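Heads up, the thing below is written out as structure tokens.
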């Protein structure tokens, strides 16, 4: 179970509203490679993960990503506080505003509601960890692009923190994948799926 | 941010595998009225909620639903452990198995990946609370139906606990809605949206 | 069956084209909380509604919403008549134009085709009526937001009419829910589903 | 606007419950080529249709399809009345039941909620009529397949009526398309779109 | 199987970047009526097509559309090469950029990922050919609209080529449909489906 | 452009119809990790790939996957040839049959039409190659699961061929990723995106 701690993992303090920027940053809230998908991917994959330390890793990173989701939601919220009448008519934001006012809704920048089709749980150790490596890279690129689109130092400071965490997670998943390969038959990593084939000779 | 506590909110101990039952229960993992949608709805709505105690309520219930999501995932996992060759061919489960082995993936019973289109964040206090009342009822009915489909007492004990929590949440949201209406203009509850209209005379 | 009467429920006479406004109003045609979803929700729920007068209410409101759908379609059509070359290039409208010219297509403002995932039919009296209460609130907020985005008095007159009808429907559904609760076991409203459990002692 | 007349276009009187059959017939309620899509397609296309008699035809057929939608909903409802405990566990129907009890929800046989992506409104006379010809053929084939899957004469009588109407509509749309081509430049039917290009020399 | 030939079917040489135009043209890459859907529709329909020459036609046109898909991808790529910082912030393009940088992703202009719901394979000769006639018309209208939105002669030259091919394909499918009707029972074209009903008396 | 060669990459000769097996194998035609997604992913990523030899690799593998798509379609087609009346009623297959007869339609085993949301094009060399590594693993696991579900040696021979190719592709993408890393700044692989940042000092 989860316990909420009433603080952000890293502080978010945006001074200036910017609905246009909010409408691209929201992709890391509910977009294909955002924090919701990341968290849900790891927290879902852990059930079929046969090794306790990797189950723990997925739980830890999945829980941390829930905190990142909260940070991105806070960014979007602070960028859309106290908008005046002209600001709600900003091209790109108006389509969001008509359906959500200034609430925070899990959607991609394109306005597509979050869809779990963009994540995979295959119930196979090597495969799920490779999926996770790709997920971290995709999140990293999205943050790179937000930095290319944003001039607001308050925003960029937060985005850089989040981007850095993705790189750390990528490295953790890479080490885990190597440790799994060390346990498996070097001649055929795919001969058995230790998450499903119970009577395999895998450590 | 969130902290993971290594225990379930309520214990799940399933003795007998049952892939057919797992393939309907999963709707409360990733289906339209399941725990993922519930949690995501409340944790997303809180940003634009103007009243601190309601923001706190949404956070509390949203966090509890994350724990329920974990319980439903555990149910699905335990019902699909150690399946033999015939069991993976169970009609209904085979379509799930081919894409996810026995991993836990956020999908409806019909096999449709979780889609945030089934939840709303409108950025309006009265509206979002009414949405939440409906969400709790929809989850309650889904649990009713699982009880109609299941004969396994180990499963039913857990489902009854989860169902009961939805009713408690429904009551909490009902009380909150009444408290909000007490603060607003009795002649026209919708004259102002206290989450968006800053200079309204609302308490 | 349905009979078409060749007039709108309330007249729509827009003088000035405005593709930008059309591209947000269309969310009440095919968006998550629009008239199509409303009509389809009520006309679908009536089959499993066990009480004749509520079946009649769902049919009446569902049929009226079909007429509202037609009014919103007319609004979008009149706002996009006789556009010149520059107007079709309006940011936001161009993405719609390339796929639909100036036809009226059921989509959300974000460009997402209408998806029934945003509505529920649960086959349970209390639940379906609560869903309907939420639906009316969500439509009301969308109309509020259109009024915040629009300066055109011809448009706003129509939107205010439609918004007012949602509030009336909300009240009708609220009264219906109370009448249902009066018939059910006061100690446990959810002990039976009169739409499914045939041998319950419910009136 | 629409007026509801309290009778079906053609009577539906099913004696025997059959959830398995209901779960395929529902594709004509909310599936890709079903009555909802048909009705919505024609009622949406009429706004940009420049010729009054074709606008009238689209309205007439679209309104009739609303009545067919009601008939298909009635079929599904009557096939799932008074199910016993074993019947709700029927493979294929259980996935539907868990989320909708025995309510009628707009979904394809595969469990995918109705999605307007399966229909087109292109705002071009020749194109929209060709789309409509294809729509009628697709509905016809789906009814053919229901007849291949069903042994119930009560069901088949209704399906044959509905199938016959699709063929009649196909012929009406075919005649309309020819009448449009007669009005246009025989050398280049696509030189102008009479629904958009106002100053073309088309009759 | 397919062999790649390292040249485009028709040359694409765009001089000036134009992200706004790229973001509408992409609808012919991954939108509802684009080249991906066309190719996939024809290459999928051929399996159940009972007549060898029509199977061949579907293969030929489906393969040609793969080449058109490549041309549209090249258009989008060349229109988004070497963008400067301001250009990536273009309204409409920024939402695409944040998730895909300047990669080419199969999406509609509205940002909706390609969805096969917009195409049909019904396994019925007359029906599938009618679907194909509609598909060609829908693609033709989308190209018409791109020509209405674009002022770039380099782009328009390519679009005119692609549009012309759709008209040629439309004619080919029309001739094929007539040849099929000649083989079938003139009194009831739908009495048998030669792709499924093996013992029918059809040539 | 592409040229069709009238033979399969590897022969498919299925003797016995098996609609149940066809309805899971189809996930490799149009499911989240199937051959369509693979081909589309690689053929789309190549536009923004800055290195000619990797652009060539993506084209080669993407073209080969088109041939695999054709093989999987052939498998599904041969497994559903000449079905009798009982076979079309097979649980799981009937939902497919009602909408597609025995045509081959790009869908997941669960009945969800192919959706490009399950693939990514991020326009970043390292990221896109990591995505490709994950894609090959996901396809490999799906083939593993088909082998677990199938007892037909004719089918399994083909599936083993396809599975082996995924492992070869995985190795090719792994080598490519290492070669890219050799060209980039060893201290910060992500300092520049050679596909977008033109004036970086990368080889």
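Lettered A, B, C, D, E and F in written order, each chain numbered from 1.
Criterion: a contact is a pair of C-beta atoms (placed from the backbone, for glycine too) under 8 Å apart; a residue touches a chain by one contact, two chains touch by 3 or more.
Quick caveat: nothing in here was measured; it's all calculated off a predicted structure.
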item	value
Any chain in contact with chain A as well as chain C	B, E
Lowest number of touching-chain links that must be crossed from chain C to chain F	2
Centroid comparison with chain B (C-alpha atoms), farthest chain	E
Chain of greatest Cα-centre distance to chain D	A
Turn needed to bring chain A onto chain D - CA fit, degrees, nearest 5	180
Same-interface partner of D-E, chosen from the options A-F, A-C or C-E, over half of the pairs matching	A-F
Geometric centre distance via CA averages, chain B-chain A, whole Å	20
Separation of mean Cα positions, chain F and chain B [Å, integer]	34
Cα-centroid distance, chain B relative to chain C, in whole angstrom	25
Shared interface positions of chain D, touching two or more other chains	32-33, 91-92, 99, 101, 107, 110-113, 115, 117, 120, 122-124, 141-142, 144, 193
Chain contact topology (line, ring, star, complete or other)	other
Chains grouped in pairs wherever the two touch, ordered by label	A-B, A-C, A-E, A-F, B-C, B-D, B-F, C-D, C-E, D-E, D-F, E-F
Chain F residues within the chain A interface of the complex	32-33, 112, 115, 117-118, 120, 122-124, 126-127, 130-131, 133-134, 137-138, 140-142, 144, 167, 190, 193
Chain E residues within the chain C interface of the complex	20, 23-24, 27, 31-33, 91-92, 108-112, 141-142, 144-146, 148-149
Chain D residues within the chain B interface of the complex	85, 88-89, 91-92, 94-99, 101, 107, 110-113
Chain F residues touching chain E - in the complex, by the definition given at the top	1-5, 7-9, 30, 36, 40, 43-45, 47-48, 59-60, 63-64, 66-67, 69-70, 73-74, 76-77, 82, 99-107, 113-117, 120-124, 128, 193, 195-196, 198
